[in-house]
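Order as written gives the chain letters A, B, C and D; numbering starts at 1 within each chain.
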Amino acid sequence: MISVHHYLLLSAILFCIGIFGVLTRKNAIVIFMCIEVMLNSVNLTFIALSRHVGNMDGQIFVFFVMTVAAAEAAVGLALIIAFFKNKESVDVDDFNMLKW
Amino acid sequence: MDANLVQEAIQNVNLQAIMPSLVLCVFGMALLLVSVFTPRGKTSHVAWLSVVALVITGFVTLTAWNNPQAGFAGSVVLDNFATFFSMICIIAAALTILMSDEYLKREGYPVGEYYPLILFTTAGAMWMASGTDLMTIFLGLEVLSVSLYVLAGFFRRQTRSNEAGLKYFFLGAFSTGFLLYGVALLYGVTGTTKVAGIAEFVKTMPDLTSNLMFLAGAGLLITGFLFKVAAAPFHMWTPDVYQGAPTPITAFMSAGPKAAAFAAFMRVTIVSFDSIQTELVTVFWVLAVLTMTVGNFIALTQKDVKRMLAYSSISHAGYALIGMVAWNEVGWSGIMFYLLVYTFMNIGAFAVLVLVGKKGEDNLTLDGLAGMGYKRPLMGVALCIFLFSLMGMPPTAGFAAKFYVFAGAIKAGYIWLAIIGVMNSAVSLYYYLRVMVCMYFKDPQEDFSWVTMNAATTISIVIALAGVLLLGVLPGPFMEMAMLAVF
Amino acid sequence: MYSNLWLIPFFPLLGSIINGLVGKRIKSEKVIGGFATLLVFFSFLVACQNFFRLLGDNVKTHEIVIFSWMSVGKLQVDWGFLLDPLSAVMILVVTGVGTLIHLYSIGYMHGEEGYYRFFSYMNLFAFAMLMLVLGSNALVMFIGWEGVGLCSYLLIGYYIEKQSAGDAAKKAFVVNRIGDFGFLCGLFVLYWTLGSKGVWTFNFVEIAENAHLLETGGLVVTVVTLCFFLGACGKSAQIPLFTWLPDAMEGPTPVSALIHAATMVTAGVYMIGRMNILFAMAPSTMLTIAIVGAATAFFAATIGLAQNDIKRVLAYSTVSQLGYMFLAMGVGAFSAGIFHLMTHAFFKACLFLGSGSVIHGLHHAYHHAHLHDDPQDMRNMGGLRKKMPITFITFLVSTIAISGIPLFSGFFSKDEILWWSFGSTRGHWLLWLLGALAAAMTAFYMFRLVFMTFFGEQKTDARAKDHIPESPLTITIPLMVLGLLAVIGGYIGVPAILGGANHFHHFLDPVFGKSLHLFHIEAHGTHATEYTLMAVSVAVAVIGIFVAWVMYIKNPELPAKFVTKFAGAHKIVFNKWYIDELYDFLFVNPCKKIGTFFWRGFDVKVVDGIVNGVAWVTRGIGSGLKYTQSGYLHNYAVAMVVGVVMIVGFYVFG
Amino acid sequence: MADYLLSLIIFFPLLGMLFVLFIPRDNDGLLKGFTLVVSLVTFVISLPLAFDNIFATSGGMHYREFYEWINIGDYFQMNYNLGVDGISLWLVMLTTFIMPVTVLSTWKSVQKNTKGFMALLLLLETAMLGAFVALDLFLFYIFWELMLIPMYFLIGIWGGKNRIYAAVKFFIFTAVGSLLMLVAIIFLYYFAVESGVQISGFGVHDFYKLDLPYNAQYWLFLAFAFSFAIKVPMFPVHTWLPDAHTEAPTAGSVILAAVMLKMGTYGYVRFAMPLFPDALQTFIPYLAGLSVIGIVYGSLVAMMQEDVKKLVAYSSVAHLGFVMLGVFAMNQQGMAGGIIQMVNHGISTGALFLIVGFIYERRHTRLISEFGGLAHKMPIFATIFLIVTFSSVGLPGTNGFVGEFLALVGAFESNLRWFAVVATSGVIFAAVYMLWMYQRVMLGKVTNPANENLKDLSLREIAVMVPLLLFVFWIGVYPNTFLDKMNPAIEQLLNQMNNKQVAVVEVYQPVVAKLIEIK
């Protein structure tokens, strides 16, 4: 029987993968994808828990998260494009003009 | 469908509760349309219209003072607390917009979308302040953040601005992940995302304080807020973003969104997590000290004034956190008063910088300001007053604010924290004084002839100045308001 | 009755202020000098009036309060004057000798730059000295006490261009201040001790009345009197604080006569006399004073033997004579001490003025011949008795007086002191011996001076020697008056053994009688002893004169031989026993070193080192911390994750 | 009129400052003249205080003004609470008196940015006056800190070569101390609130009535004492003073020496000592020890200085040692001596700084070795300098003596006897360094050709000095004018300190424990 714990464990693993990706990858797009993974792991958690506690709040929350993720994707990609236009690079190690 | 149910649902909605942000959003969208038809470079009227929008919103908001409105089944509340923070954000936005117009023209981005974006940010901030459901708070946070990402990277041909936008975006989204995960865990434990609901649930289940999921959820949630208020170690985006973003946006970010973040942070922690206050306070203690210290110590070594003010804003977040440690009415209302004061003094300081900056703002270094006090005496005096206020020197508002926060800590028995706090202020004296050293004690190197006074920026400086002095000399009524605004 | 007492110090003060403020505008020296002299003379007249009134009065102590000075709780100090026989004598001496010296200065200072300044200072000095002797409480006295120090400073440093004058002035003031430190300490201890017994006072009369509250011979009274004695040492140039007085000769000669011979330096003696009851209560202090006095008398006399500067000889002679006075005070011969103070004022003032006259003459001659020889060096003098007859005669008379030749004033006073030092209940024959030896040396070096200056052949440069004039009348009149006083001044105190009535002693009895009586201080011994001692002291004086005559008239090459034979001893004596060098080594240089160390070592290195160090460390931490802000997104994210892990970890496991 | 007199005195200069801001900046004469008039008028307004005989009869606070200022229920209350007694009276008078003198002294020396200079001077006056008459600790603190701002600029803008270092050091050094005091003030307030004592705001007289447990007093006193010690300045936290004094323009030095240093000593008398009498007893020996060290140390260091101004600065350290010693004697004489010595130091050292300013204006150097023989060229100057020197040395008949004497008498009466003996030796050192300096500057031959053509004091400069000289002698000869009016206040202060019961530790200990839980 697959219990809520399995879902939670899976989403936790996904979340950690996301974090790990953010910390290690250099390509801005990939990092952005990793963040999406994190958000989606959260969505998974919400849905599993929504089922577990027995109300719809969690599911509603997921809609909002998805919407927001979409908005963030739009803004984020736009920013990456703008940066790419100037620097011809999407490597995050290249944006370190501002430091110290 | 039952007509009564619909009736009830409509009553539950209660648009009164979101009226201010509604007004702002309507104006924002209208202005977005207006700016489409506005030729490039002729954006002044958009700016002024935004200010009008903010003023109207301000009046609307003030009607809710002592007249709390709840709406959307209790997920939004326009109480004194929300009103107070909304006013801070509105003031911050208005002052920012006033100084922006000339600035955008000088820097070569005279486009109208800028102003609606600020209005949307403000609306998001107001939602954060009035949200009583983690869902609305999250929504507000995202509305605010998404607009701010754009604004931080607004100078799209400028690598610095790109970089600021991107860093803010990535780290912001990253922290959102944590925040959401925390919300999810809390939801799992308590079955609700309502702030009051969580509090209710905790009250009935005292053993929750040892529930791992609940604690982890609370920790992650708080982390999300701490990112927005730029507390160490979640502060690291601040200097880079503040430095790279357009200066008015930096000013705005350091005041409005930060206040909103504090609002949500306070509401959630104070209402929901009262039962685990001992653990929370310990963490806040450490974070407050860490934040103040990191901010002040690194600020000592900065040569770029904008970046220096970024670090200083970190340290100010640290001072404000002292109010959270105190965990009493004085501390909480202290934070609110502090943020109000900080809005005036920090935006004021940035407004002066906006005025004296050259195109590209390469001259906003300590050496670049040499002799500025003589070339622009009035601006010099204004900047000095803002800096003294940031230092916490009487009779400026900064002193009253610091006094208030420290008083809260001492009332609660955190003498050592107060001592660390004042010692940190002593450290901070040095870098603020250094700005004045350059302005007055050194001979001018720049000729500052490009500085043209303009009405809008001057107005924002004057308002900020009036705020700093008024709140410094007669802080009583405002402190009282802050006191009344604590739930 | 005595309400015009305040006029006595007021006149000179007025003179000082007027001359100081408008003197510069007045072109005529005569007006300036005459005005100043006249005001002191007015004081003298008032003093005389009060003196005679006191003579005829049965009540001998009068206190006049002008107004309150300081009043803080139980501390009440008035501007008050005290007239009793002691102060009456002093005001007469001060105003009398003062008038003469002012008169003398009119001629002597002729043509000096800052003429008005000189007279302003001199008048100020007279004021301060009169405050000192008239003050009814220790604080008013202290005003005078420090005031005379100030004037001494001003007048020693009168020749502001001379580096040595400035040094000497400063030294005088600072050494005096060391004494004042003692004076103040003594005063405080006394005030506090008496106060703790219920009498909070600085008033002399009240102190004397309540002195019995202190334990006779006890620690307190000993400490108090020793402190006061330290003050007296400073002011009156006693061992160990005598070094400033010889240097003080940098001042104009009238200054030396007035301040450093006749009046100021005797303030210490006066002060002991004023507080005699306290001193009488402290036998060990008295003994100390006697020993110091005798030693100073002896010691200064040895230095006087070898000096060549005419004024320095006189200076050491003054120190030596002051030693006598202290010896007198120490053995309880209070009135004898004051008596000697008075006679000494006459003959020493006369001697100084005489030397001034000589210097004036030589200076004139050198100036005429455009020479820059030292007009004060006795080796350049000789045979002046023909050139300056009046000066010579008065000088000789005074020298005889100081040498203690019978029938002259010095004889009576000195002899009384020697007698007391031998026969007093507080005396000792060793004290007498030192005194007698000093007397012999005094006679020797004083006559050496006379012989070198006025006798023998003229050693002045040939170009100048015919241009030495006798001094003008303003100079010679004071000389004559003082010379006369040096002869007859002693007759008011002829001791009973010589058939006199010792009026002086009786006159002062209201001041000193009580303590002498209470503490059984008296000189006892047979008439035979007294006669013998008298004879001995006269004999040694005569021997001293004879030796001087042999060495400087009969056999002028003898001194040189003597010097070569006892080169070591001569060198030590000639260099004043190297006391100045010793003090430099012991006090001055260490103070400078410590000061420099405190400044450059402690202040700059330690305190500021800590202050700047804290700033440096703070900045250092900042510079280190700022590199955490690397600019790389990954680092920021890592920091966030670490923060999250820590916080969540703390909540979950904490 | 009397109801608002203090406010009028405090804020008149501020009002003047606002007007100064509207005077064209290149109209040098008008700026200086106007400022002079403002400061003179302030002095005249303050004169009724000096002539009011009520101070001679009653030691309490007079000319009280009390308005509610900030009132947030139980959380906070601060009042605009002013009053003046015999102690603060003379410090107020000193301030209003010294200001016109200072302004007059700037006539020639301040040429650049006159407008700013004058505005800052007037702001400074307001701050100083406010600090002396504030009876609410919060209000006091505001004025206390406000003083730093104008002084910072005065040193930094118009100062000498090393002015930036000096200004920043001055600011941070003094601010560090006051910040600790701020914590103590807040603690005190909440202690009062928690212990249920009836208080109105941060009123210092309400705090006097508190029975603080010893352990609380101990720390609070340390915080206050440290803050004031820096301002005094006491050894070893004095090192900001030589730098600040040396670099500051003449007017700044004068005000710094004459008035601002008095803030520290006044703070002890008004706040640190009466608020925490039990802790005071513990600390008196140490503080008195530091005062005495200050006297000797300051003198020795002053002796070796090569810069006239630095010498005078170090002499301040020594003089204020006397003040502190007198105050710590805790008796009528010592206290009166301390307070009158504050005034004296203001006059004498102020005058000395003016004098240094005069020669600095002429020669643009302050090195002693550059001078010598000035007495020839400047006889009037020499005389004035001499009088001031001797006043500083403490010659009887001048003001310096009265203060030092009373302070020492007081110390001898108390159990600080041995300290007093050492302190008395200060009179020797004072003579050494002052006279040596005078000799090297004024006496001897003119060796430096640059000094050949020095002009004597002008009429204006004489006018600056004469009032000061007048007070040198006035206080020296008839100090009763001042003592009479300060005695009742001192008596009251001492009574209050001595009669105060030793705190009942048990009763209030829980309050402290509540406020200082280790968290």
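Basically, a residue touches a chain if its C-beta (ideal position, glycine included) is under 8 Å from a C-beta of that chain, and two chains touch if they have at least 3 such contacts.
Here the structure is a predicted model, which means the values were calculated and not measured.
Undergrad: So using the touch definition from the top, which pair is joined by more C-beta contacts, B-D or A-C?
TA: If we tally the contacting C-beta pairs, B-D comes out ahead.
Undergrad: Which chain lies at the heart of the structure, taking centres as C-alpha averages?
TA: D
Undergrad: Using mean C-alpha positions as chain centres, tell me how far chain A is from chain D in Å, no decimals.
TA: 64
Undergrad: Taking the mean of the C-alpha atoms as each chain's centre, how many Å separate chain B from chain D?
TA: 42
Undergrad: Based only on mean CA positions, could you tell me how far chain A sits from chain C in angstrom?
TA: That pair's centroid distance is 98 Å.
Undergrad: Provide the C-alpha centroid distance between chain A and chain B, rounded to the nearest whole angstrom.
TA: 25
Undergrad: Could you pull out the residues of chain B that touch at least 2 other chains?
TA: Correct list: 167, 170, 174, 239-240, 301, 430.
Undergrad: Of all residues in chain C, which are in touch with two or more distinct other chains?
TA: 626, 629, 631, 633, 637
Undergrad: Could you list each pair of chains that touch, in label order?
TA: A-B, A-C, B-C, B-D, C-D
Undergrad: In their complex, what parts of chain C are in touch with chain B?
TA: Residue positions touching the partner: 615, 618-619, 621-623, 625-626, 628-629, 631, 633, 635-637, 639-640, 642-644, 647-648, 650-652, 654.
Undergrad: Spell out the part of chain C that touches chain D in their complex, as residue ranges.
TA: For chain C paired with chain D, touching residues are 20, 24, 67-75, 114, 139, 142-143, 145-147, 150, 153-154, 157, 160-163, 165-167, 169-170, 173-174, 177-178, 180-181, 184-185, 188-189, 191-192, 195, 591-592, 594-596, 598-599, 603, 607-608, 611.
Undergrad: Using the touch definition up top, name the residues of chain B that touch chain D in the complex.
TA: So the residues of chain B in touch with chain D come to 281, 285, 329-330, 333, 374, 377, 388, 393-395, 399, 403-404, 406-407, 410-415, 418-419, 422-423, 425-426, 429-430, 433-434, 436-437, 440-441, 474-476, 479-480, 483.
Undergrad: In their complex, what parts of chain A are in touch with chain B?
TA: 8, 15, 18-19, 22, 28, 31-32, 35, 38-39, 41-42, 45-46, 49-50, 52-55, 57-58, 60-61, 64-65, 68, 71-72, 75-76, 78-80, 82-83, 85-87, 92, 95-100
Undergrad: Please name which positions on chain C make contact with chain A in the complex.
TA: Within the complex, chain C touches chain A at residues 626-627, 629-634, 637-638, 641.
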